[in-house]
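Here come two complexes built around chain A, the first alongside chain B, the second alongside chain C.
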Partner chain A sequence: MASGLPGLPGLLVIGGGISGLSASLEAAETGNEVYLVEREPYLGGRVAGMNRYFPKLCSPQCGLEINFRRLRQNKALRVFTLAEVEKVEGQAGDFTVTVRLNPRYVNDRCTACGECVPACPVERRNARNYGMDTTRAVYLPGEVAEPFRYTIDPLACEGAKCGRCVEVCRYGAIDLEMASSTVTLRVGRIVLATGWRPYDPALISTLEFGHFPDIVTNVMMERLAADGGPTGGELRRPSDGQPAKRVAFVQCAGSRDQNHLAYCSGVCCLASLKQATYVLERYPDASVHIFFIDIRTPGGFEIFYQRLQADPRIKFVKGKVARVLQEPGGDLMVEAEDLLAGRMFRLPVDLLVLATGMVPEAMPLPPGIKIPRDPYGFAVPSPGIWPVGLAKRPMDVQSCVRDATGGILKAIGGEG
Partner chain B sequence: MKPPLFLCSGCGIGETLDLAALGEAMEREFATPAKIHPFLCGPEGRAMIEAESASAECPVVLGACSPRVNADRFPANPFAPERVNLREQVAWCQEPGAAETQAQAADYLRMGMARAAKRELPVPVETAMERTILVVGGGVTGLNAALEAARVGYPVILLEKEERLGGLARRMHRLAPRVAPYRDLEEPSIAKTVALVEANPSIRVLTSTQIESTAGEPGAFQVRTTGVGGNQEFTVGAIILATGWQPYDVTRLPKLGYGAANVITSLTLEEMAAQGRILRPSDGAKPRSVLFVLCAGSRDPEHLAHCSTVCCATSLKQGLYIREQLPDAAVYLIYRDMRTPAQGEDFYRRVQEEETIFLTRGQVTAVREIDDGDLSVTVVSSLLGEKVELTAQMVVLATGLVPAAGDVLHLKYRQGPQMPELKSGFPDSNYLCFPYETRRTGIYAAGTVRQPMDSVGCVEDAAGAVLKAIQSVTLIGQGRAVHPRVGDASFPRFFLQNCTQCKRCTEECPFGALDEDEKGTPKLNVNRCRRCGTCMGACPVRIISFADYNVDQLSAMVKKVSMPQKDDDLRILAFVCENDAYPAWDMAGLRRLRQDPGIRVIPLRCLGSFNVVLLADALSRGIDGVILMGCQSGDDYQCHFMVGSELANRRLENVKETLERLMLERERVELVNVGIGDGGRIAEITQQFAAKLRQLGPNPYRGL
Partner chain C sequence: MERLEPNLGFLRSLRRQGGESLKKCFQCGTCSAVCNLTPNASPFPRKEMLWAQWGLKGPLIADPDIWLCHGCGDCSANCPRGANPSEVLGALRNQTIEEYSGPRSFAKAFRDGRFLLLLLAIPILFMVVAFAWRGGLAFPTGTVEYANFIPEQTIELTLGSWLLLTLIVAVAGLSRFWKGMLAFEERYRPAGGAGTASGGGWAGWKWVLGQVFGHQQFGKCQRTASRRWQHLLIFYGFLLLFFATLGRTYYHYIWHYDYELPLFNVVKLAGNLGGIILLVGLGAVIYTRFLRGVGQAISVYFDWFFVTILGFTALTGFLTELSRLEFPGPDSYLIYLSHLFFIFLLLVYLPFSKFGHILYRTLALYHLHRTGRVGVPIASEPTSSVAELPSKEIAAG
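Up next, the complex of A and B:
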């Protein structure tokens, strides 16, 4: 494929979530030289933490498995995990990029046997499970992690003074002295696939997140429902471990609200519909309430919505949750309005799920990247730098892949 | 051929198995010494393998970890090594030191040796590819697709059935905002895009032209067209279907008042506004009130079950320009849910600022003509009350979007002339992770024909489809498969002398890769093939094979399974999909979940490639039961070859006869849906199956 602009052929993709991964693979399979830089020790980003995708309720691991196989066999693609872009110099067609490679403390001799884990004395907060459980300081980042290799959290690890993992590893795979290093890449184009993070629910004071343990966010709900999650897929009240059979969802928790996120996050309605199916699958006698402003299920997703509307166990209530209280017995009590019935009502629930929105990942961009952003922080294309997926606007997984695929052509073709 | 054999004693394998004994047993049977190393994927182990693989005429066999991991550590020149999964699927899920554990490992090694011996190196069939891309449809998507392809150096032929380019976008008066601050209406830009296309020397535009037939395959599609300039014939490398949408047939909506003089559609309003004459058709007067009915036909299983996605923003836009052209008119907008995703919310908020635009949630159930051409509108479930009547001087039906799909390409494929469509009527991919996964290789749908989307989405989609089109021409030209078996150089070979012309392969190929001659003999279009092996599974006379994957090879593996010593011990064959079920097995191992040691897992490219002769092979040898694990079928199918589990299931229905002939119970064969996330369920599934087999008792053929 010829570039529309003169310059270096290489392509740098920043971010290894579903957008960056797809962009890298599509570009490499079309014969381009690609460098993929990911900050975390694994690829897959946010989708690697999803239990299922809407509307097919299939596992995200299925697509990741295919993508990782594509990646492993492609020689045109070089992946750097635990890597951050430190500096970008030059201009469209000729960028010199400095990438910092943070130490993994586990080298490529690791076989993923897992012997190091029981030896490690330190527990750390598991950020992938939003702090709902812990791992040891040495851990495998996921069951289909790519690369399939252990990693050590330097903030938790006690380092050489402990060194028990080093002793038990038969393969000499652990190097607690590993230092960071840098590599310099020369590329013609940059694809920005920096993704999103969930909006901080603590900022929505009326919803009492952090005050009552049985209030969780939608991303936490994904982990609670996941087979490999902190509860092994059991849906239980975090407060006392009782089955979560009465579940309510608060839509637009932060989104469509000028005090928080003025835009619509685009996926939260579908995420809650999907999560309603988790509850009903686990507990057929459960009841679900969804408090919404508008249910937004575009295109064929509407058919999924219609299927759930036909289920009498799910009640859709147009209205806002005004207050959340805790009853003396420990139950949560939701005070909400039902706009269509014109009344306020109270509802006891076991679990309250906040459908928090998506914020463009506010990764401080390295010096040298000058990219215009809209008032919300979403990136706008600029010469040589093409944003894709969530870096650009809220969108679902399918749209991210579409955008990543097309974004490659836009970047190579010289638009922007 | 004697494949060199290496065994790894690391990661718990050496503690679970007596590798020395295994090595000796293999040497006795295959006359090739096994080399044991405690760290086979380490530099020393690798060097040891490398030294032997360079001279080997077949793959080396590695008894170590799962083929899914550490692939980059082992040399693959020219053959990828045959990986026998002694770690995840034996050492990590079986009782250490047990005789049955040892027997399982021995069988897996024997099966691996048999498979390696029957793996030939696929030789890619390279073809000279025509690079021209055909874009069908000259609307927003098609125009952008043409420009994108031309920009990266690919010639384009752009077909449009109308006289002029631009499609429905040409009829738009204004556009909803696409850039920050997402408040102001935009001037249409379609004329500019058309001019760019018409001025581009790499794009050949054929207007007033339609396709008569499309034959051939990627790299060499022969397209015949008919149009004002007469018939034409040309060859293209790949095709983008960008035929766009049509408004839903509004005559089917008499309940919503269509037929009354002052009930119009969104598109008619757009044309009126473009002429600056928003007037009532009945009397030519300026309407004092205009009411928009959203979801006119959409979100209604009796009409269009889907949401048309763009009507909310379109109606908001129209409300705003009515406000400009008719400042005194009241505008009512009755919506079911206001759908303005992402930054579209800013535009919604902008329209809410207008005092004369009333936005109300509700559902319009009836529109009736009353005096003077005015209309009475019944609205239910609104915030105004359970049921209210509103009066308007003009009603606009925001009619939904219907894909302009169907018989456009007139494909000369044995499986029919059109792109396969989903239940919704859109020729879309069924995969969230792979929106361009198509059932007609080299042909990609884009824009509103694929799914409802706005013009921003169409531009993105056009670029995505062009990239996939270029990719298909690039990969296929090298003799390699496109998604999902990207890079696979193997292809099905037909030993046609023995073909019985039963047509099963040509009927079942999920990609329409096989055509037939008059007698019904299959004719492979190799560039359409995606290497799933469905044809190989379908063939009753086993004449279809791949160089590195075939029934003979699988059958040889089945024959390597040993029979147990004790009546209580079972032999169960599990044929599993390599993309979903196989990783699920690995995950069960990773969690150290105990499995029945009588299981022997054989990965398949897809359950669609499962040939039922393997059942007879297995059961007549004394295997107690066969379980197939594949992806979900039905409307929400997961199979990346669409119909793998479904076909396997159908084939199993037909094996009753085989079982009856062998006087065996139907329960000895089972198919279950297993997804990649089902690692936690695998043990339970196999235990249940094993319990059932124990009740039936050992296969009477055991030991015969």
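Up next, the complex of A and C:
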């Protein structure tokens, strides 16, 4: 190991999102042997699913692209996608890790030409778009997927008895007989970059998510605005495809609430402010209401809030939405108290965005990883295992990158 | 700029009366949004929570809105902070009853268990003095007829004079409450808050009667719809008993008949039916609210005092009826005396105990209808917006 600390030199990073990617690259570029294990068929995690991201409001592709290039250039880094850590044995300094490699059914001869797609007869729920549309069983996981290769969903695919994709593929890239395998890795340190998932909005009964189609969450809003989203970036109502010109955001949807998430995720206010700009860029005559308890724009982002406050099309209303209704055939209505005016109102909207918070990804940790968690389920460092990014606490993208770099410094420096 | 006058004593008292959690409120407005009973203009209970945190006794004890609340607990169930607005409003109603029922020092005795003996001693002392004056306690022999023990007229005159005192306290309290509400309307209702003040007079009382006899607003509560029926049972049980009492007086004056009425006499039937209904309703209330804590869950001494007395009044009433036949003699006369004792506690102490809600809620409801607050339509959009930059404001200030 570079630091000369006792133990095996290798380092395992679990999770290939922005935190795991950053951690892997920093460790590999400082001369460490790194294994990156990602469950999904692509790298980039939830960041890859965003339309724009802070701080510069550029497409996440630009930030990810740099990291993917660094990754391809580095020989000390081995990446496993569609891979899950099955078992961890040993202790800090000497872990034996069993990784299961799930079949992609598409080999590295794939050129992503896409001719297999029209041949595929099966539709599957598109999880990346939160079920707002479907893909075929063979699909490219994301607009700019890394690795840039198609993949086949084994739960949807009918297998070798169909085989139409195999017939049309000119490169012999599809192998429906591909089986899963395992590899055993020996590493000294583990970095946990397991990330987050949105709080389940269906649990917030007053907000009626799931009862009316035009109620979406903030992560769904990113997809509605993204080119690869269900509407190709046109902001339209899921119910009837009409333009979503009257958009309301419910801040603290389940957050700062002892019945749901007692903490503030610290990113949802800025996410809604950012998404308000999506609406106004798409439809300059749109109107946006943001219902809040407090607007929290930490760091230097207050200036972003101030810029939006100056826009008369965006109204910031103090008052938490706790009732949503829709008469059959009528408008979706949001009911709340307008606190500063001291009166109840019922506002018709096209699209209601619930700014839900972040919870640590609930995937069960592989057997052998014993790590303490805080009361909210976020991981706490323990000997030989460093949680970084969202595995540790809610944070935004740039904080994840910083945290991953810091985490790697500690892991290879042996602190903790 | 108006000076706020925080009243720490009031705040402390409120927290003791079930409002312990009020400091947890962070003014998100969830409570107002989930409430089915709030008017659309200056809704409750969010504003009351803020006033309570500031210790603003002035507006709170003159606020008619708290009497629109039936303590269903919808707000508390959805409160993200566990600030329990439902309990706080309950505590505020109790405080209001204390505030207007003079003399204040006597009213305070109703929310402190240490004064229980004093409150119980008053009717006992009165009875002792009355019997001593009449030449001691003498139990008649033969068939038990309570009129032979204490003549009907004696009861009417003594209880009647006590109730006259009660009436004076009640009217004085209500008139101060009314003035308070008028001043409140003047000072605290934000512009555009009240509707057109055309709901007074007969229209107002008609609406109030609907509430009193049908509990219509009460029926809008979401979480604890059953509480409306429980309260209706108690209300109609009490009403039947009240009519039975009037019937007794009717027999005395019209027919000069003071003895026990036959079982199937209308007055007797009304009394027995009322007693049963009342006890059933009361049992349901004690089970769901006091023991299981559904809806408004915190029950303080003040609540228990009234519920217990109401229950014992009905129970001793039935015992009086039974003992006359089952174990005639001095025992039945003593049970009868205990029944009179509880009736005294119930009726003479009415304006001071939780029973006082019958007065204050009724008047508050009338005021609310009169000022048009219950009919204000909901706004179609929020009118305020945080458009000013906070930094600019600070710089300007």
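A few points about this structure:
Everything below uses one rule, namely that the second predicted complex is superposed on the first by the 409 of 416 C-alpha atoms of A that agree within 3 Å, B and C clash if a C-alpha of one lies under 4 Å from a C-alpha of the other, contacts with A are read in each partner's own complex, and residues count from 1 in each chain.
As a convention for this text, a contact is a pair of C-beta atoms (placed from the backbone, for glycine too) under 8 Å apart; a residue touches a chain by one contact, two chains touch by 3 or more.
What you are looking at is a predicted structure, and each value in this text was computed from that prediction instead of being measured.
Once the two complexes are laid over each other on the shared chain, residue contacts for A:T206 go to chain C alone; chain B is not touched.
Of the two partner chains placed by superposition, chain B and chain C are both touched by A:L340.
Looking at the shared chain after the overlay, A:Y53 reaches chain B, while chain C stays out of its contact range. By the touch criterion defined above, A:R323 reaches chain C but does not reach chain B. Shared-chain residue A:Q306: touches chain B and chain C both. For chain A, the partner with contacts to more residues, out of chain B and chain C, is B. Applying the stated contact rule after C-alpha superposition, one finds that A:H289 touches chain C and leaves chain B untouched. In the superposed model, A:R256 lies in contact with both chain B and chain C. Within chain A, the residues touched by chain B in the first complex and by chain C in the second are 256, 258, 295, 302, 306, 318, 339-340.
Contact residues on chain A toward chain C in their complex (touch as defined above): 206, 252, 256-260, 289, 293, 295, 302, 306, 309-310, 312, 315-323, 335-348.
Residues 10-12, 38-39, 41-42, 65, 68-73, 148, 151-154, 179-181, 298-299, 301, 305-307, 309, 337-346, 349, 361, 381, 383, 422, 424, 426, 428, 430-436, 451-453, 457, 460-468, 470-471, 474-475, 484, 486-487, 579-580, 583, 587, 590, 631-632, 636, 638, 640, 675-680 of chain B touch chain A in their complex. Interface of chain A with chain B (complex): residues 1-4, 18, 22, 26, 29-31, 51-53, 55-67, 69-70, 72-74, 108-109, 111-113, 143-144, 148, 170-171, 227-228, 232-233, 256, 258, 262-266, 294-303, 306, 318, 339-340, 374-376, 378, 380, 393-399, 401-403, 405-410, 412-415. Residue ranges of chain C in contact with chain A, taken from their complex: 26-30, 32-34, 38, 40-43, 46-47, 78, 80-82, 190, 192-193, 378-389, 391.
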